[in-house]
Amino acid sequence: MSQDGGCYTWIWTCFFEYSTPKILLIRSRKVGAINRFIQAVIIGYVIGYVCVLKKGYQETDTVLSSVTTKVKGIALTNTTAMGLRVWDVADYVIPPQEESSFFVMTNMIITPGQNQSHCPEIPSATANCSSDGDCMAGFSDTRGNGVQTGRCVNYSASAKTCEVLAWCPLEEDVDPPEPPILAAAENFTVLIKNHIRYPKFNFSRRNILPHINSTYLTNCVFSRTTDPDCPIFRLRDIVSEAQEDFQDMAVNGGVMGIQIRWDCDLDMPESWCVPKYTFRRLDNKDPENTVAPGYSFRFAKYYSDGEVETRTLIKAFGIRFDVMVFGKAGKFNIVPMLLNVGAGLALMGLFI
Amino acid sequence: MSQDGGCYTWIWTCFFEYSTPKILLIRSRKVGAINRFIQAVIIGYVIGYVCVLKKGYQETDTVLSSVTTKVKGIALTNTTAMGLRVWDVADYVIPPQEESSFFVMTNMIITPGQNQSHCPEIPSATANCSSDGDCMAGFSDTRGNGVQTGRCVNYSASAKTCEVLAWCPLEEDVDPPEPPILAAAENFTVLIKNHIRYPKFNFSRRNILPHINSTYLTNCVFSRTTDPDCPIFRLRDIVSEAQEDFQDMAVNGGVMGIQIRWDCDLDMPESWCVPKYTFRRLDNKDPENTVAPGYSFRFAKYYSDGEVETRTLIKAFGIRFDVMVFGKAGKFNIVPMLLNVGAGLALMGLFI
Amino acid sequence: MSQDGGCYTWIWTCFFEYSTPKILLIRSRKVGAINRFIQAVIIGYVIGYVCVLKKGYQETDTVLSSVTTKVKGIALTNTTAMGLRVWDVADYVIPPQEESSFFVMTNMIITPGQNQSHCPEIPSATANCSSDGDCMAGFSDTRGNGVQTGRCVNYSASAKTCEVLAWCPLEEDVDPPEPPILAAAENFTVLIKNHIRYPKFNFSRRNILPHINSTYLTNCVFSRTTDPDCPIFRLRDIVSEAQEDFQDMAVNGGVMGIQIRWDCDLDMPESWCVPKYTFRRLDNKDPENTVAPGYSFRFAKYYSDGEVETRTLIKAFGIRFDVMVFGKAGKFNIVPMLLNVGAGLALMGLFI
């Protein structure tokens, strides 16, 4: 560097310096062809992978969604315990509303008229007894139904079990009825209203598409081939789309996923942004090595005549439908485009 | 390469070799200025975009959150069906607890005294009839209320419909009352307790900020201007912040989102990490081409006199509030800083 | 460039050109050693950080999960209000099913026999009065229990409060009982069935591992040391693993997180992909400056004798358990490997 004229001049000279490698130009068919091939690969990668496949020129956003569901349908049952009985939505959807999920009862074990009293425990390793000495007052087995009173009583003509303080009579320890009591649930329909939003692009849309009119909505049922835009689903269709059998699943219950995918390219016309529905069984149907297969829970309806409280215990088997909304939207934006194309060119600069 | 002295010497020589391009130094105002300008742009990009805007020197973590809510308020209604009646939280929040959501009933259609019996179906295309031949025993329309018995009976003086086995009397097919029955719900308040955690930084915080004392908490109500830190919200304020009218929304119901954003820069004082509340209507209020507008569901209260089970069916319209917690925290960490600054310098190296 | 022979020849020549910097070879121990050291650091970074630590050669996917829970256990209580009473799962799990969460009631304040009538308000700043003039008919305090009738009546021998129209008798404004009424809840167990899926790799697995048989499942209880694979958890163990005391927490209630982490390297044997359970208290237990500490809500059981509707109001304190499933799976894939190793080599190219 020139140092005549003091420090200031030196910095000035240095500031306007530019250093570049001396370049050797090779004119060779072989070397040149390889060079151009590598360049072509990189340009192909930038255009093909970054731009076309990954849409690197777009800014992306993930979906915000709200889901409401409404089940419709009537089932008639004829059981010895309850006689002829009609079930409607207030009877079989429990709890009546959830955030993005709904449960439809398909089978049940009903134990009516329970009240707080004493009765013999269901036979089991810890409950069987031959005399009062086998029972311990105050003991309660986690898998039992009540708290032992310390007495050993007749469960049946042949078996004696410890007496328990419990909601008596106890629920019978039986397998769920087959065929399921609410087998008619396969014809129930559910309307799923899904409203989505991409906050970054201030873009909203709902699964009742603009071209759908009210008349169509009151009559349609979703079908992948004939009615792919109808937001009303027959429960049997949801289950069979997931390669399962409704009547099989209804016996022990299970969990189904209703997946709604909104992948939108907002550089394209808005009408191309439509939901795609897929259905999948979420729990494990493999019956081996499983305790409590399927999906069930117990709930009770409480009655009182002013003095004694009685309840009807229902062990409800059924299908829980979880609605899951996924989605990613992209829209052209100069910043990600520059970043991605720049990175591609940098890569090219390295290999040339 | 020098190959005298065998393979070992060759490797040794090769190991201590360093190759660098021959550099051409250009002293030109024009070229130098362009060179420095490009360098300035890249340094500006690294400092401005990577460091300041994107905080590339920070390690980030996403929020883990737990939400509990508690609604308070009393409403008095005077209807012909029920007379003067007071509603409290156990009456209008259904179900009584959910994970990060709560539903407040604002309007309803009540059908008391239903029991399993026969009655004429509500008139519709499939239910209207002129003789028994028009009705099919055992047929149940998905949109109907019961299972047809095969008889055609008088619905009113002028209309005949098929008789159904159902919970009778049937719910009347009417629009929800206007003004809404629980119009007073606009004055209800909700306390939202939100506890967040950034597991990577072992950082916890809650939306009841340290400077808030108990006396303030028992009296305050959130207001963006005067009380931005109070975690108690009046329902009307939530709805009006989202540019909606509570009384309009209360008629048919809807879904509101309560968004809590915790964006924390943990290199800054902890007291700067405060929640930001925003409110948004999540469902679609557009009334055209929509079946079942708003948000409603049916539930029942069951009674029994020991022999006959009766129920009160309630079609509940109301607002579901979904509490959504977002957030990202960043804290200085040497690894992402090196990676980001390194990538910036590499970019600079390419273009110099 | 050679321009004899026209434009076509020029392009042809240009296409097969390759330019490379002239290289200066320096044979110096010092410079060579520094050069090799930098190369070693970069290679170490690529191999150590990118390949081993970050597994940059793998494609990753995040987990899809479904959770079902089943609580078991019996509690015996002896209170003046209800006498000897047994509680089972239908009594203390409210609501009976939720998506990935369950609530177990541990303590309560019961107010039986409420009906719509008049009674004096609980004393408070807005409810205390000395004459009818202090009460305003129709006024309802958000934190009160009813709508004032405008009369001032005796609350007790010493205090007068405004009369309200409400569900009377009112719930007493007392602290939750200590010890908690359902203290026995610490021995309840919960079976958590978790089925996960990595959709990109079509890989499914459940937390009941293949080597577990049915006999083991009916008897085991999770223990970090002796039974780390058992999916049945004692509630007390969950709470104490989070360094909390169950009986303390049971008084006011709280929120517990059950975290299940599935981090799977699918290049390894499938049997290495096992869930890891961790437990954490999610709400804030700090009792200072908090309104409504813990977790509680009110619900009611409704009864009717055909004319008058009565209800039992229960303020339920308890623990809400949120099951959270996390996870990331990785599997070798050529594309991310090339991208990551390529970026590493590019970095190396720059610094050599």
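To keep things simple, chains are lettered A, B and C as they appear, and every chain counts its residues starting from 1.
Rule of thumb we're sticking to: a residue touches a chain if its C-beta (ideal position, glycine included) is under 8 Å from a C-beta of that chain, and two chains touch if they have at least 3 such contacts.
Small disclaimer: the values here were computed from a predicted structure and weren't measured.
In terms of which chains touch, the assembly is arranged so that all chains touch all other chains. In this structure chain A contacts its sequence twin chain C using mostly different residue numbers, the overlap staying below half.
When chain B is laid over chain C using CA atoms, the rotation angle comes to 120 degrees (nearest 5). Annotation: 16 Å between the Cα-based centres of chain A and chain C. For chain A, residues touching at least two other chains, in rising order: 21-22, 95, 98-99, 303, 305, 346, 350. Of all residues in chain A, only 21-29, 31-36, 94-95, 98-101, 103, 116, 138, 140-147, 165-167, 255, 257, 282-284, 289-292, 295-300, 302-306, 311, 313, 316, 320, 322, 324, 346-347, 350, 352 touch chain C in the complex they form. Touching chain B in their complex are the following residues of chain A: 13, 15-22, 64, 66, 68, 70, 72-76, 84-86, 88-91, 93, 95-99, 184, 187-189, 191, 193, 195, 197, 204, 206, 208, 210, 212-214, 217-218, 301, 303, 305, 310, 342, 346, 349-350.
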